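Next, two complexes with subunit A in common: one pairs it with subunit B, the other with subunit C.
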Partner chain A sequence: MEKLNKRSKLYLTFVFAVLYAPILFLVFYSFNSGDSMTNFKSFTLSHYRDVFEDTRLIVILINTVVVALLSALISTIIGTLGSIGIIAIRNRKLRNMVLSLNNILIVSPDVIIGASFLILFTIIGVKLGFTSVLLSHAAFSIPIVVLMVLPKLQEMSSSLIDAALDLGASRRDVLTRVILPFIKPGIFAGFFMALTYSLDDFAVTFFVTGNGFSTLSVEIYSMARAGVSLTVNAISGLVFFVTLILVLSYHFITNRQRLGAHK
Partner chain B sequence: MKSLVRATVVILLVCALLMYTAHSIDTTSGKSGKDILTVYNWGEYIDPALLKKFEKETGIHVIYETFDSNEAMMTKIEQGGTNYDISVPSEYTIEQMKQRHLLKKIDHSKVPNLKNIDPDFLNLDFDKKNEYSIPYFWGTVGIVYNTKLLKGYDFNSWNDLWDPSLKGKVILVDSAREVMGVGLNSMGKSLNSTDSSELNAATNKLIKMAPNVKAVIGDEVTQMMINGDAEVALTWSGQAADMMYENKDLTYSIPKEGSNLWFDNMVIPKTSKNYEGALKFINFMCDPKNAAQNADYVGYSTPNKAALKLLDPEVVNDERYYPSKEIRNKLHVYRNLGKEKIGEYNELFLKFKMSLH
Partner chain C sequence: MEKKTMRRKGNLFSLIPYYIWIFCFVIAPILLVFYYSLLDLHGHFTFENYRNFFTSVYLKMTLSSFWYAFLITLFSLLVSYPAAYLITKTKHKQLWLILIIIPSWINLLLKTYAFIGIFGNKGPINAFVKAIGLPNQQILFTDFAFVFVSVYIFIPFMILPIFNSLDKLNPALIDASRDLGASKLTTLRRVIIPLTMNGIKAGVQAVFIPSLSLFMITRLIAGNRVITLGTSIEEQFLTTQNWGMGSTIAVFLIIFMFIIMLITGEKRKGAARNGKAK
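Up next is the complex of A and B:
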């Protein structure tokens, strides 16, 4: 038993090493004073200074984060309410059909989604820019949120709701005091999934950016054509740290909640 | 429920704070219309200092956006919803954009600095009289090779690539026109050939090269050549310049049979909202001092004759970047061959790729 445990630990360490090695490699070279990722000359922060001096890049970085947060929020609200609606469908066939439609949106290629959004926005006259990016990110995140929230709803016994109604709770109370607290972990998971999806999406975003509004993935993609410069490393490093902070704060929040529940 | 509401409020507050920060450091906000010029360019294709200089000189604020392929750029301009004032497509795309009426004519009287451009680069087939486009950068297609790993080769001719001693050493770019061009050029044919029998002959010749081909890849080739993992590759001069800068053992050659001359040009898309500003920008970029500074930063060859005097003579006299008149006469610009012929090129290129194992 002891031996197996050791082996599985070793395996886990290996998996994490493989997953994190490229990121650490990238971050390591962002401190390189040389010009490329081939040899490390000496330590410098000049690439980070370049990033902070380039106000355009900073604005793009902030845009990316704002769009990710807002679109994740919007899609979480819509997706959560949507999945409550789906679970309320009594007809099994109809419910499955709605779910399949939801899944189709997840597997359909980004390029097609992006191109159709571009056409839609230009037809209805939405100017490409912040709004169009936000709307399309929210749109492609909703099915993911639905997928994260549904299992929690299915887990919930319907007698819980019946009991609440019997005890005189209004429909509103049932939603805010019974359903939402129960599915909260699913909601948070959906939110963070939506957040990451929005952060790393390139294909859809490319089509709907415009008028001076751009996100990091689009910017890095076109920068990389001229060979990956170490400035790209520095931005990627920054994004990695921002994500790290987000994940840690998520961890912190959920931990505190668990502690609170024990009290 | 409480925690959900709290989380929502925190997120909204963070967003508001971030947007406020972005707004305060973003100098474009608060300006509109005539004060703004939107430039849509390739990534890393201009010296940012020049944009600042332009802003200072004219008071017009520049919004700078980037794209990574001609096709993607054209899609966005064609679809509308944007207001790009300047774009920098390659020659065959300009021909297509003209056909689809996506460009505005350029008023030459407002671009006096046009006189600085080398006449060799004006009046070309894709845009006679330069009604719609002004040259920005140019370059060639050629062979980059490692002189340390391959001693005694000079790749003076395309046929050198067929040399049996190069077994498993040649890297090609994953692009139909370039590779088919090698086949056609090596037989002394035009790389704009539309004659099916010529194209088939070129493909058959290329298939004979198959044992020599190590890989058909995209931009990864840059890193491979720099690291010395590859011996010889077909590439564009700009990319070759980047490689040679990183690895001194590399050199670049334009075979004597001729090759492709590629071109990126400034155009004013139909969607432009600031035509006057766009003309000012074009004129600004044609200024010898600015063109030289830009060429120095980007590392590609400038078509600006007056700028050459201001550049490092070592670069200007380097035939790898600025080939002699004699070689230049053998360079040809891609023509837009129409959908059908391009399809044929792609199909034959696929046939060649399938002959590799």
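Up next is the complex of A and C:
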């Protein structure tokens, strides 16, 4: 393998610096005792204290996490069942049609998803708020779960199921003892992705959240529109570290699984 | 045989909630958007929204939306391709890739908010500008700021698919091209780029479509100077409360989206799996 020359290294360093600079900039000023992102006065944790003392923010944080966990759970169940069903569709045309329908929400711009869901909820009379946000998040996460689980199911040879059936396993046994354990990594990956999609979503939530219910993204948007507030910086500091821990532990776990599979 | 049909029936039952989802959250919303695009403010059936869309105001907005999306995609590609290429050459390439991906997991709003501080009148950029003796620059609320922040947001989504296709590229092909006397540039132009076209297309798809529909970056960074299709839909739905017109713009956005996907599509499932670009 050829070594990277100096110019290439410089370029890569530059890209990484640009990618991380804004995040570090935010975190840096979250410790500023002044009240703006311009001159750093002295080190303080008061903005972090503000976050934890602001009951409204805490409620919003809990909302965000509850919506993320619940919607990820719902979408994982429906998506996994759906994938198992899709695999069983023998008609190729029908299967391809289902798969294309599956991908529509993934490629659709958030604005369209949000606007169309807003119409939908208004027509069927779902009150905007927790329910509509939860349903929307579950809805846009289902296709992602399917995309994570489906490849695992395709990897599985059907003789595995036949063998289980021949050995007298009931349908339920086949599902719980053969299929599910085999596709477990896919299910976990799907759940994790659904979780992060939900935590990250702004545009769809912005459309379907009524007055009175808010998630972190929507709240940050209204705070940012009002102007610079170092509370937002403190939030981003927290979000950054939580994300870092999540991503690295996820990577560590999947890596270990991969290594384990090779043994 | 009996066993097989039994198994299939059981599996097909598991599709019921999934089919309900497809009907309620994929098919119904699209039909509703089409239906609403044919209604005026009072709920009467009309084609007026479509007539309105073809007036100069909306056509101009559509054109400028495409122009910005084009710029954003172009700059993302120009930054990302060499970066992806260099990452495939590093020793711990998976680790570097994760480091590229991590920023894309940080909430979009927070990253955008950061630029309010960085581009601000007293921000570090302006401090630098002043230090080299130039007058204070207005950076926030300009087209430049909008394109820059958007490119910043989309870079990971461009790097990922390109990295994947570069990584799959057989290095023997590059050696062969060199051995046959091709210069570095020729190898890049005639071998590497054509063979990684799928990655480029996937990346373009993952950046261009969301660029057309951005609305919160325009509000926070461009200060309402830039209006994209997305901004306009949001405004019609949530501010003006003219759902009919909003739906009409959404219909056109859906049509554009399909055209772009046809152009950049590959036979096998592509962009959707490569990242969480939205």
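One rule holds in what follows: the second predicted complex is superposed on the first by the 216 of 263 C-alpha atoms of A that agree within 3 Å, B and C clash if a C-alpha of one lies under 4 Å from a C-alpha of the other, contacts with A are read in each partner's own complex, and residues count from 1 in each chain.
Keep this in mind: a contact is a pair of C-beta atoms (placed from the backbone, for glycine too) under 8 Å apart; a residue touches a chain by one contact, two chains touch by 3 or more.
Note that the coordinates shown come from a computational prediction; the quantities given were computed from them, not determined experimentally.
In the overlay built on the shared chain, the residue A:Gly212 is in contact with subunit B alone; subunit C does not reach it. In the superposition on chain A, contact is made by A:Val98 with subunit C only, not with subunit B.
With both structures placed on the common chain, the touch criterion links A:Tyr48 to neither subunit B nor subunit C.
With both structures placed on the common chain, the touch criterion links A:Tyr221 to subunit B and to subunit C.
More residues of subunit A are touched by C (comparison of subunit B with subunit C). In the superposed model, A:Ala139 makes contact with subunit C only, not with subunit B.
In the superposition on chain A, A:Phe16 makes contact with subunit C only, not with subunit B.
Contact with subunit C, but none with subunit B, is seen for A:Ile235 once the two complexes are overlaid on the shared chain. Looking at the shared chain after the overlay, A:Ile119 reaches both subunit B and subunit C.
Overlap of the subunit B and subunit C interfaces on subunit A comprises residues 36, 38, 115, 118-119, 206-207, 221, 224-225. Note for the complex: subunit B touches subunit A at residues 1, 3-4, 7-8, 11-12, 14-15, 18-19, 21-22, 25-28, 38, 42-45, 48, 63-68, 72, 75-76, 79-83, 219, 222, 226-227, 242, 246.
By the touch criterion given at the top, residues 3, 6-8, 10-15, 17-18, 21-22, 24-30, 32-33, 36, 79, 82-83, 86-87, 89-90, 96, 98-103, 105-118, 120, 122-124, 152, 155-156, 205, 209-210, 212-213, 215-216, 219-220, 229-230, 233-234, 237-238, 243, 246-247, 250, 253-254, 257, 261, 269, 271-273, 276, 278 of subunit C touch subunit A in their complex. Interface residues of subunit A facing subunit C in the complex, by the touch rule stated above, are 1-2, 4, 8, 11-12, 15-16, 18-23, 25-26, 29, 36-39, 77-79, 81-82, 84-90, 98, 101-113, 115-120, 123, 135, 139-140, 142, 144, 147, 161, 165, 171, 174-175, 193, 196-197, 199-200, 202-203, 206-207, 216-217, 220-221, 224-225, 228, 232, 235-236, 239-240, 243-244, 246-248, 251.
Of all residues in subunit A, those touching subunit B in their complex are 35-36, 38, 54-56, 58-59, 62-63, 65-66, 69-70, 73, 115, 118-119, 121-122, 126-128, 132, 176-177, 180-181, 184, 187-188, 191, 206-207, 209-212, 214, 218-219, 221-227, 229, 253, 257.
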